[in-house]
Structure formats: structure tokens, C-alpha cells
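Chain naming follows the written order as A, B, C, D and E, and within any one chain the residues start at number 1.
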């Protein structure tokens, strides 16, 4: 653990020295490795800064970051170039693409480098690695990771007489608090008690925290999933909650756009909502009121299990030069240094994969200013490792997620929760079956 | 004179075929660039799509399992695809007539010789210069449930705010409004061009006859504009069937698949779910739909069109 | 049956050049008023101003005694035949013809009757179902004419309505239009290039040149006593023969060239601004020289060219550096290059002031032969 | 300088009705050939077929002795003036005029010179920079004319090229075109409605009716001896007076009505198919009755209408249920309703077979007066 | 028109233009707002500061993107004009046999959903090695049935006499095309050109697919890069980006409009 750390540190600190030395000795050309990413906005700025740091930290490798659109778009392109020389060295892919990437045959599991070099993987956050570890192999290097948390409006809590320091934890509590928090003005609801983004991820999390699975065969981790099980009782509880609150008029629907629900929260249209840990700091900073951060709620009929990691990881491709792979690997390692991670965490709000980063001064400063940020890390670290919280693997995950969203929207329109879920599961099963047929 | 009759019989067919050959030869040069490019970038992919629609594809997107008509059977019985078809038809129905009528109205307004009319023309044509991505983003803001100007206005006058993009009953309407707005610029410009090409003498003559504005509109403007109108309607129809960008940004096909237009559905099948087989089948289905509509357009619509 | 009055009307398209220049004229109710002038002199423009299709740049227009400059065309109660027909290409001939009636919401049956009647009159019955683009030029023109006539408007403007018709049809149409105009009593303003139309159809004719009025009067008066050399050359085909002369009051003669000196009656006060005059004579007045005729001056010319126009023969020759014509009744056998002596009759000549262009001596000959007297 | 031959040419637009019907004619190289006929008779169509713009439905076309039906227009080496001008609206007048030269890759300088020359001839110099839509009707027509003339093609087709010009300009243009045609020796096929153009310009004229040739010949011959009543009525303005008669060989008379019996010379073999004939006489032959004249039959008529056309006076009356005209030289003072006795000269009449329409007796009068003889 | 009519027309014009132009103005105002201002849902920015623009430009090589977009759009526009005009000319002026069939074949390409062809086309481009090159961004769009259709409709309005007059003058069909058809239909060329330019300018998915880096990327991709998924989006900056993207096209449209009007005023001569 220590040596790697040191070497990384050494590289950065002796930067100038090393450079002059090596250019004198080895007038070799730098190895260039292309890095496809899907980060836009602030994320892109940060990623480019880190890449610059890496490129300046040594003079053997140059990483070229290239934006390739959304995860889906990047993946679409990768499907065409994967397995060829045109493939990038590293590609960033969202968590639900994990199974696809593993099966694609275009990638080199990072485990091979870890084994080769004896890289100390333990320094990284276990709960994050769990997701990307399949059959005891770490396939990709976790990169931008996030989990859901519940954000709430402390001012509104005070106003409604709910204890702002003791936010609701269970579904029942949520329901109750939401009743108090909802403000109506005749027909118009001025403030809703609770909201969830119409995004499948949150449903998955709410199922997992109850210990429920998404697909069979141990969430697809024992062997390829053949059936969706998100319509089990855990899933039904979540949908029931949404349905009941919606009918009671305490649930605010703000669609599937991240910014919309955040704006709703910040303008006081909703008092509690689920957000990604990556969005916490910006919301806390921008909101004109005191923002509280809490763990995501769970059903009182189950135990709290914790959260699944979300976000994306970096994959190394296998159709490129060894040298390039090496470059990619070096970059991945560089990324996991506490300095890089600290910067990444602060810039973007994503987790630091290397918990050592949290000890960095800059992080501590920030946390002092926004104690809320720590809650997200606590929630992750308190998570009980299990197949449920490890997350599901399925080659048709994007589709399944879409089905869940549709089901959720249908529930909001008054469909029976069970019926909606069953239909989504049925559709998902069909797709799974087809995919299995095609990929035999 | 008998002689000449004989000559005629002998030479005419030969001359005619020669003439045809000449026409073909010259036509081919004009058409060649288009034909090459079309074949390469449209017909070939279409054929490939057609081929893929009979297969299931593996992870690399290669045709793997031949399933015959299964993909077609599936999409035809799948509820969500039925929804797509209905949504698409509704969308076409909402956008095309309204869009054309509004554009026509604006074109008629700006066809008058008034001071500063060029300014107004530029304004009306301006939406043409705004990309789908940009305008969808702006409209996303306008429809925003809490900060959006629309709801602000409605609540300001005491109405109940509307879930523009979140209520399945409204979402398609909202997407249609956006689409109409985006298309106005182009239709307007084309219609204005058509209006300006109508010979002024016709109006002069009608004015002398005492025809009022609406009478002139009905008896002269519309018939004389019919080729342009026909063109605009055809193009709007085809565009409406192929709408994608605004759906992607505004609603992603939701809520409850109410805005899941066929093209968006294809996009999702192909690029998110990697089901090229069904995506291809849907593409072919869409192609046939547009084809039929266009054929109907040409056979029934063009009859009413007057060409100079 | 309305009067149309133009008062000091100007028109300019480009704000620089006047296309119509200070035109003042009153067209009486029920009058058949003919407008002639060289191509581009502003005839169509004038008509278009009366119709309300062009704004007046200056001056005023009165219809039926009321100011009409700012009335829209539809309020002026007139119909018009356009020089380029302006048929509606998307309508059938029948629809084109009844367009004005349709506007006026006249019942279908009546419309059809009127249409059939007028189509029959103009020989269009067979074409009623066709679109204008399937018609010949003359047929189109007849449709345009039918469209204007059918509305029975009190004022009708026609811009060269017969220019594309053949002589026979034209003669027929001339009579028809004339008769229709009399029957309906409408005020008809008629632009034409045709000498015969100009001479025979109108109650009065107005000669325009470069936007300026040259003369207004009964056709026969304009023909006999053209107000200036322009009109003299413009009206009549071939035009009046014209040449320069020098006035010599002492000898009561006009010197044209060395040989030819035209005596003039000194009783006629020749109030010319200088001694430069223009002498004009109509080709038909140039008869063969007869020595007994004292009032004539002989001129000897060489025939350059001749044309036999059916009834009459046209002789072309050069005299005093001008191209002159003589028109003789009957078909004559002339040789090119043949020399002839013609009589320049002092009484038939018009004399114009060379500087102002004013007519200072009218031809005197009583040209109106009285049939009854001679027959008796 | 090419000959144009049409052999049994038919044309139908709708495959039902023949618009041009079995037309055969040979137009000689360098000939000035005039085409006349009522509106819609197929003149433009014929021209367009010669130009190659319409296909022949049957028959053949030879240009310069070679089969040309299937040649594209550009290979036929001809130029054309369209009835509706067909100017290029986006080009200036100058560009329109030099359009054809441009194609022939003629140097710019030469092009400009030619253009200036022809523009000056047609009075277009001031408009060279304008676009056609800023021109008056007549100006446009002149541009179209200029465009055709400038190319010096051996064959030139003109479709009513002067219809929109005023009489003066028209007279001038007539002479110019004629001269140009002579100078360049081109074969000119010329469609017109104008009697004067038809009579004076062409070497030969062809009269068409409903697509069928009525007569081809020198203008004067067509005028004097129209081949059938149609031509008789079509050529000449006012037209020839016509009425029905019954041939009585026994008395060598033609009975027109109870009073009027026209004697005829029985030496002339009147090979008519029946005893029904048509008698025609030109208005200018209807002189006042003079009892000494033995060959004439007196007819007494009542004047319905008269027109003074400058040089001549036109009398209109009804005789034998037909509208007849008399044309007298000079300006006459006639009263409407006045009764006159006119002479129907037996030698001047044309007699047609009523059934076939063939001319069975030409007018005999030697109408060509010999100037030299009379002068002496 | 009477004064009343003029007033009513102006009123209608004003009203319509406000309605039509509002979204653009709205975006313009937002582009000057800070995050907090935005949340208050105000329409009018408190002050006009250019920070958002500054950020947008700092963040991305927008100038370079703009240049690429401009270049690509111009090339596509020219290509489309040439290719479509040639085809339309053949359809209108050369009476070859099977003309309507071929025309319908052309029109049918308009009905092919672009999404359906994207992947095969991407592979083709890859095969030609046109990834990251201007060729890949331009050539596939040279032939558009829409352009052929539009030009054909306009060519049909050219009076036949003009073609006939040129035939007689002996113009080769190509010369006729250049000397008469093109200038006569200048309006439709401007229309099609504007259309082609703008649609190319607005393309997003395809440029993203066939480019990997900033070298030849277009500005719409830049616009996308300003928005984020999971993290908070800075809407002020996005709107600044929107403005940066649409202002050139609006200027172009404004210029094109003038040209267009000139062309339109040309009118047809009867």
C-alpha cells in the first residue's frame, strides 16, 4: 500500500527533476493513449485538469481526453470501433453497461494489471469495488461514483414543525412528514412533501436498501440473469409508497430531468427529495435555505442495507498496443492517488474512490464548511456488502431501467403499483430472453 | 408523296429511339452525383436495415439469429409500439396542420408592402436558425414546472399550474408546440417565397373586380400557392414522422411513453437497448408508413394542385 | 356613366423622371375616349392610375365628380382589360369570365347565362372549359375582354384589347365594343396603337407623347388639323409628309428649297415666332401635277419604293432630304426609279411654327364632300 | 437562306382534334413568307413546329432539303420572336439581346457593338441597362425582336412581332424588317394579324383557317382574286361584300334578288357544280351609279353607318340581308339614313361556287393603272 | 390599404413577432443570469454581465468549433446546391423515359428515417477512413432529396418559352442551366442554401459519431458539453452557449433574408 502511494507522490513532487532527467536519457517518443469520456460541464473541466496533471507528472505517456457525448452515445461508438485499432485505450462507461462490457470481449480486465503489479487494491473503497468486481475479478477502474441521498429543506421542516435535525428514515416516516410539509393554496400545491426523480436508479436503490434484488441469480452475479425480480415485495413497497403519497397529494412529480427536480427543491416546491451525492454540494451552496442531507429511506418492514454505487468506471480495451495499455494503467493509478481523488471529489461531488483522499486538507476544509457532504460518505461506508447492495448485472439493464421508469410514470398516472411493476418485469424478461437467444 | 410516307415509316422510330438515348445520356450526367450518394448513404443502409430486421443481433450488432418475421410480429403486437404509433399519428396531426396554418398566416401578413416588413420577416424566419438542441433547451425552461415562464404566467393570473411535460395528456401537446415553433421559420420562408411569386397583375385584376381580401385569398392566393403549400405539407409531414431531437431533450419519450414517437423508439431500441432487430423492423415500418402517406399525398393531394 | 377627371396629374416611378407629366383632361360620362401615343409614352400608366393600381405622384383624380385618388380600385366601379390579359391561370375560361360576377355574389344561373351570352359574342363558347394556358394569344385576349365587359361597370378601361386579334375579328369586335358602349352608356377609356381603332371608335382621342398631352379632340379634327408636328407624324399612316421652310412675308412665299416656293395667302396672319416654319402635307393630298391648278407647286421626285395595299398604292420617295409618301387611290403600276411630278397644294398644307411647334395655318380645303350634292 | 418545306403536316394537341391539318408548302430560300389567319387557326402552332418546339403529329418537315422533324431546335439554325416575348426576366435588356451571341462565343466587343447597333435601330438604347419588367409592352416586344434579329440566322420566325407597337413605329419597323431581310437574305416566316403587314411585307402570304391552307400567293393576287369566300372575307378591311345568287345560264344572268340581275359574259365557262353561286365585290369597287356605265347594275341602299378614316370614308349598309360596305376615297359628308344608288360592276365581281367554295370567275378589271401612261 | 388595415396588420405583426421571438429573447436574458437569479424565475436579468459567456468560452474552444461548423455547413450547403440542382434540372428539363419513376425513387429517400441509416453509414465512413475528417462530416449530406424536390418545384415555374427560346438560340442544356435556370431561381437557391446551411449547423448526433476530438468538431457538440447529467448544470452558461451557437445563424439568416428579398422582388415576368 505504502510504496505505490509514495511513488505516486514522488512522481508529482519531483516532477521537474524527473522530466529533465528522462528527456536527457531517453529521447523516446511519448506513448499516446486516448481516453473517451462522457463528462460534460464541470466534470469535463475537472477531468481535463487531472489529465493535464498526469501528463505533466511524467514524460512517458500522454493521455488524450476526448468527449464522446452521453454514456449511450459513447458506447454506441465504441461498439463500432471496439476490437479494432481505432478503439481508445480507456473508455468511461456507466455502471449499467458493466455486464455488456464484460461480455463484449473488447476489454482487458484491470485485474490483470493489478495482479501483475501487485497493485494494492485494498486502499480503495470496498463498497465501490464490489460493484465492479465480478467473479472475483475487478474488471474496470471505478471513477466517478455516486450514491443517492435524501436532501431536505431545513427551513421548511422548522416551519412545518418537523425536527430538522432528525429527518424521517422510513417510508412511514416520510409519508407522515410529507403530510406536514405539504402546503396547499386552494387547488395549487405550493410545496410538496417529497419527490423522487423519475429515474430508475432511485427505485433500484430503494429496493436494494431493503435487501431486495433486481434480477434473479443473485442479481445476475452468480450466473447470467434470466428473469427480473424487481416486482417482488420490496419493489412493490416502493411503488406503493409513491402511489399512496401521490394520491394524498404530498408527492411532487418533477419529471426525469435532474435540473428540474433540483430547481423545484431550491425554489421550495418540494421539501424532500432524493438526489445523487454528486449533486449535494452544488445544491447546498445554491439553495437559499438550510439544506439537510440524510440517508435514503427504507421500509419499516425491512432492514436498512445501504446503497449501491452508481456512476461510471474506466475500462481498458484489449485491441490496442501493450504500451498504450500500460499508459492507460498508469493513468488509472494516477487517478486513484489521494490528491487526484481529493480534487475530483471537490470539483464534482463524486466520491473519492480512495478514502485516503478524505484526509486531504482541502477536503477537510470543505467538509468543515459543508458538514452535509460527509453524510454521503458515511452512508456509503455503512453499507452492508451483499448481493443486493452490490448491484445487479444484466446486459439489458438500460432497457430494464427504462421499463421501471415507465412503470413509475404509470403509477403516477393512477395505474395500480403491482400491475405496473409486473408489466415492467414481464417486458424486461422478454428482452432478457431475446438477448440471451441472440448471444448464444 | 408516297415516297415521303415510306421515309416516314422507316425513319421515325429510329429517330425516336435515338432521341431517347440522347435524353438518357444527358440525364444520367445530371443525376449521377445524386444517385451515387443516395445509393451509398441511403439505399445501402436501408437494405442493410431491411436485412437486419429479420435477425436478432448480438452484442456487436451483427446479425446472429435469423428469426424471420418475428421482429415484425413482436412490434405489431407490443403495446408500447402501439402507443408509439398513436403518439406519432397524434403528433403529426397536432403539428402539421397547425404549423402550416400559422406559417401561412405569418406569410400572408408579411406579404404586404409595408415599412419595416423585412424586419418582421427576419423575426419570423428566425426560428429556422435555431438548432433543435438549442430550442429544445430553451423550451425546457419555458415548460419548467416551477421556474418556467408559462406556469408563472398562469399562476400569476390565478390559474392552476400545468404539468406541461409531466402529464401524459399535456406532454405531447408541449412537444408539439415546441416543434411547431421550430418549424415555423422554414415553412414561413417557403410560403412567403411562393406568395411573392404570384403575378401581381392577378391581384390587380381582382381588386378592380371588387374582390375582398378573403375572396382573393380563397380564389387566387390559395390556388396559386397550392404547389408551394403542397410542398410545405409534404415536407412537414415527413419531418413530423421523423422528429427526434426535441423529444430526446424534452421528455425522453415519457411520461408513460406518451411522447415515445416511432423515431425515438427506434433510437432507444438501437442505441440504448441494442436491439437492432426490432429497431430495424420499426424503421422499416416507419419507412412504409411515410411511404404510404406520401403516395396518398401525391395521388390525392397533387390533384388539387395547380401548376403553372 | 361616370365622368373621369384628371387634374394636373403627374407620375414618376423612380422619383426622377416623369412618366406622366401634368395631364389634365375631363372624360365625359358615356364618352368613348381613346388614348394613343408611341410605345412607352405612359398610356398604360395613366390607365393604371385611373384604376387605382398606381398612386398619383401629383394632381388629383375625380370620378363622377368625387375625389377618387385615395379610393381603392374596388370602390371605383370600373372594369379593366389588361395589356397582358392577367388571366387567372388556375381557373377555367368560364371561371375567369365570371370572376367579377362571383365577387358580386350573383346567382349561379344568372352568371352562367351571362357568361354564355358573352362567350358566344366573342366566339369563346368552345373554350369555356379550358385553362388559359391552352388557348392561343388571341383567344386569351378575348377572355380578358369578356371578363371586363360582363360586369357592366359604369367605367371600363381597355389597354390594347384587340392587339392580338386578326383584322376580321378585330373589325367585328370594334363594332361590338362600340355598340356595347353605346347600349350600356358606359364611359370607356381605350388605349390602342391601331390607327383604324383610333380614328373610328372614339368620340374623342387624346394623343400623348412622353407623358405629355399633345392634342385632344374629335378623331377627324386631330387627323385634319394636327396640333403640332408630332401629332401630324403620329396620326395617319403613312404619316404626314413634313419639311422645313423659310417664311418670306415680303413675297408671301415659303421657300422650301431652291426650286420650290410655296405661295401663301397673306390674309392669314402668320404669327410665327421666327421665319422658320415646318410645312406638312398628308400623303393623299399629293396628287399628280396638273398645270391648270394654280395653287399648286410642282415637285419632281424619284420613286424609291412602292407598295400596293389592295385599294391604294403607296409611293415612297425622297424630297428635300426627307422621306415622303404619296398615297393614291387604286392599284397603280409604278416602277422603282421612275420619275414623277407631284403637286404640292398650298391649301392642303399645314404650317407649323418651327420653334414652338404650334399650328399656324390649318389646311383650308373643304374636305368634306357632300354626297347628296354631288349625286344630284 | 434555307428553304423550309412542310409536307402533309398534321398537328393535334389532344389526339382528337387537328389544329393543323395536312399543310404542305414550300418556302423558298430568302423568301419573306407571311402567315395569316383568324385567331386560333394554328399559326403559332405551325411556327412552333418549324422551330422544333412541338412535334409533328404527322407529315414531314425539311429544312434546306434535309429532313428536320427530329432535329432539336438548336440544330435548325433559326431564330424566333415569341408571341409573348419570352424575355429572361433576370437579365438586363442588353443581356437579353445578346443572349444568342453569347452562346456562339462571340467576342465581347463585337457583341457589344452589334447590340448597340440593333438597340439603336429599335430605339432601345436608353433601356439597355433595365430589366424587362420595367419596360412597357411595346418596349418588351422590341427587345424580343432585337434578340432574334441579332443572331443573323438563315431562318427567322416571327410571331406577331409588331402587335404591340404604335402605327408610326410599326411602319418604321416594317420597313426595317423588310430591308434587313433583303440585306441578309434570310428566310423569314412571319405571322401577323395586321392587314397592312400582310399586304406589304411578304413575298407570298398563306391564309390559314382552322388549320387548313386556304390560299397561298402573292399578296396582291390574294387580294384581287381570293380563292374562296373565306379568303375574300378575311383579306381586306373592310372585307369583300358577299351575297348569294342563282346562276341562270339561259339568260346569262345571276339573279341576286328580285331587282338585281347581274349579267355575265357567257364566254367565261362557269363550271359550277350547281346553280347556286356566291357573288363578292370589294367595297372600293362600289362606286356611285352612273347610268352611262352599261356593265353595272344599280343597287339602292340606305346608309346605316359611316366612318371617316382620314383619307377615306366607309359606308355601311344592309343589302340583300347582308351587311355591305362601300369605301370611297376622300372625306365625305354622309347622313345616316340617306339613300344612295351604287353601281355593282359586273366585271369587278368575284363569283364562287356556293358548294365547293371555288372561285369560278375572277374579277376582270385591269386594276393596275399605269402611271407613266396616264401622266403622259 | 386603408389606415385601419395598416394598423391592424402592424398590430398582428407585432403580436406575432413577440410570440415567435420570445423564446429567443428569453434565452438571451437567461444567458446573463446567475444561478440564483434563475431560480427566482425572473425574466429580466438584474445586470448584464458577461461572465457566463466568459465561462463558456473558457471552458471550450468555442471559436474553433464555430469555425468548424461554419466550414462544414458552407461546404455541405454548396454541395447540396450543386447536386440537387443538377438532379432537379434533369427532372424538369430533360424528358427522359422513366423520369417520374426515378423522381419517386429520389423522393422515397426522404422517407428513410435517418436513425435507421446512421450505424451503417458510420461503418461506411470508417471504411473510407473519414473519421475525424471534414469529408465524413460533409459528403454524406451532399445529396438530399428534399433539395431536389424543392428546386424541381421551382424549376417547374420557369415559363416554357424561356427554355424554348434558349433551345432556339442553341444553348446547350448545361449553359441553359447556368445562364437561365440558376439566376431565374435564385430565390429557391437562397432558400435551399439557407436550409442546408442551417440543418448542417444544427446537426449533433452525426458529427459526434464521426469525430473523436476537437479537431473537426462542430459547435453543437460544444453546446452539449455545457450540459451535465448527474451534476448540476449551470444554465446561465448553457444559455450563453445557446446564444453563441444561434447568433451566427441568426446573422446569416438576416443577411440571407436581405438577399432573399432581393431575389423575391425579382418576381416573375409574365
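In this text, contacts are C-beta pairs under 8 Å (C-beta built on N, C-alpha and C of every residue); 3 or more make two chains touch, one makes a residue touch a chain.
Nothing here was measured: the structure is a model prediction, and the numbers come from that model.
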Topological distance between subunit A and subunit D, in contact steps: 2
Touching both subunit C and subunit E (chains): B, D
Chain pair with more C-beta contacts, A-B versus D-E: A-B
Centroid comparison with subunit C (C-alpha atoms), farthest chain: A
Subunit B-subunit C separation of Cα centroids, rounded to whole Å: 58
Chain centre separation in whole Å, for subunit D relative to subunit C (CA means): 22
Rounded Å distance, subunit A centre to subunit E centre (Cα mean): 39
Multi-partner residues of subunit B (each touching 2 or more other chains): 61, 146-147, 199, 201, 308
In subunit A, residues with contacts to at least two other chains: 73, 76, 80, 263, 267
Touching two or more other chains - residue numbers and ranges from subunit C: 72, 84, 86
Contact footprint of subunit C on subunit D as seen in their complex: 13, 36-40, 44, 83-84, 134-139, 142, 160, 163-171, 193-196, 199-200, 219-220, 223-224, 233-239, 282, 284, 288, 307-312, 314, 327, 329-335, 338, 340-341, 367-372, 374-375
In the complex, subunit E residues that touch subunit D: 159, 161-162, 164-172, 175, 179-180, 183-184, 186, 266-270
List of subunit B residues in touch with subunit C within their complex: 199, 201-202, 204-212, 215, 219-220, 223-224, 226, 306, 308
Residues of subunit B touching subunit E in the complex: 20, 23-24, 26-27, 29-31, 33-34, 36-38, 40-46, 48-49, 61, 105-106, 109-110, 112, 114, 117-118, 120-135, 137-139, 141-142, 146-149, 152, 181, 184, 186, 189-190, 192-193, 196-197, 199-201, 227-228, 231, 234-235, 238, 241-242, 244-245, 262-263, 266-267, 270, 276, 279-280, 283-284, 286-287, 290-291, 294, 307-308
Touch list for subunit E against partner subunit A, complex: 35-36, 38-41, 59, 119, 122-123, 126, 131, 205, 208-209, 212-213, 221, 224-235
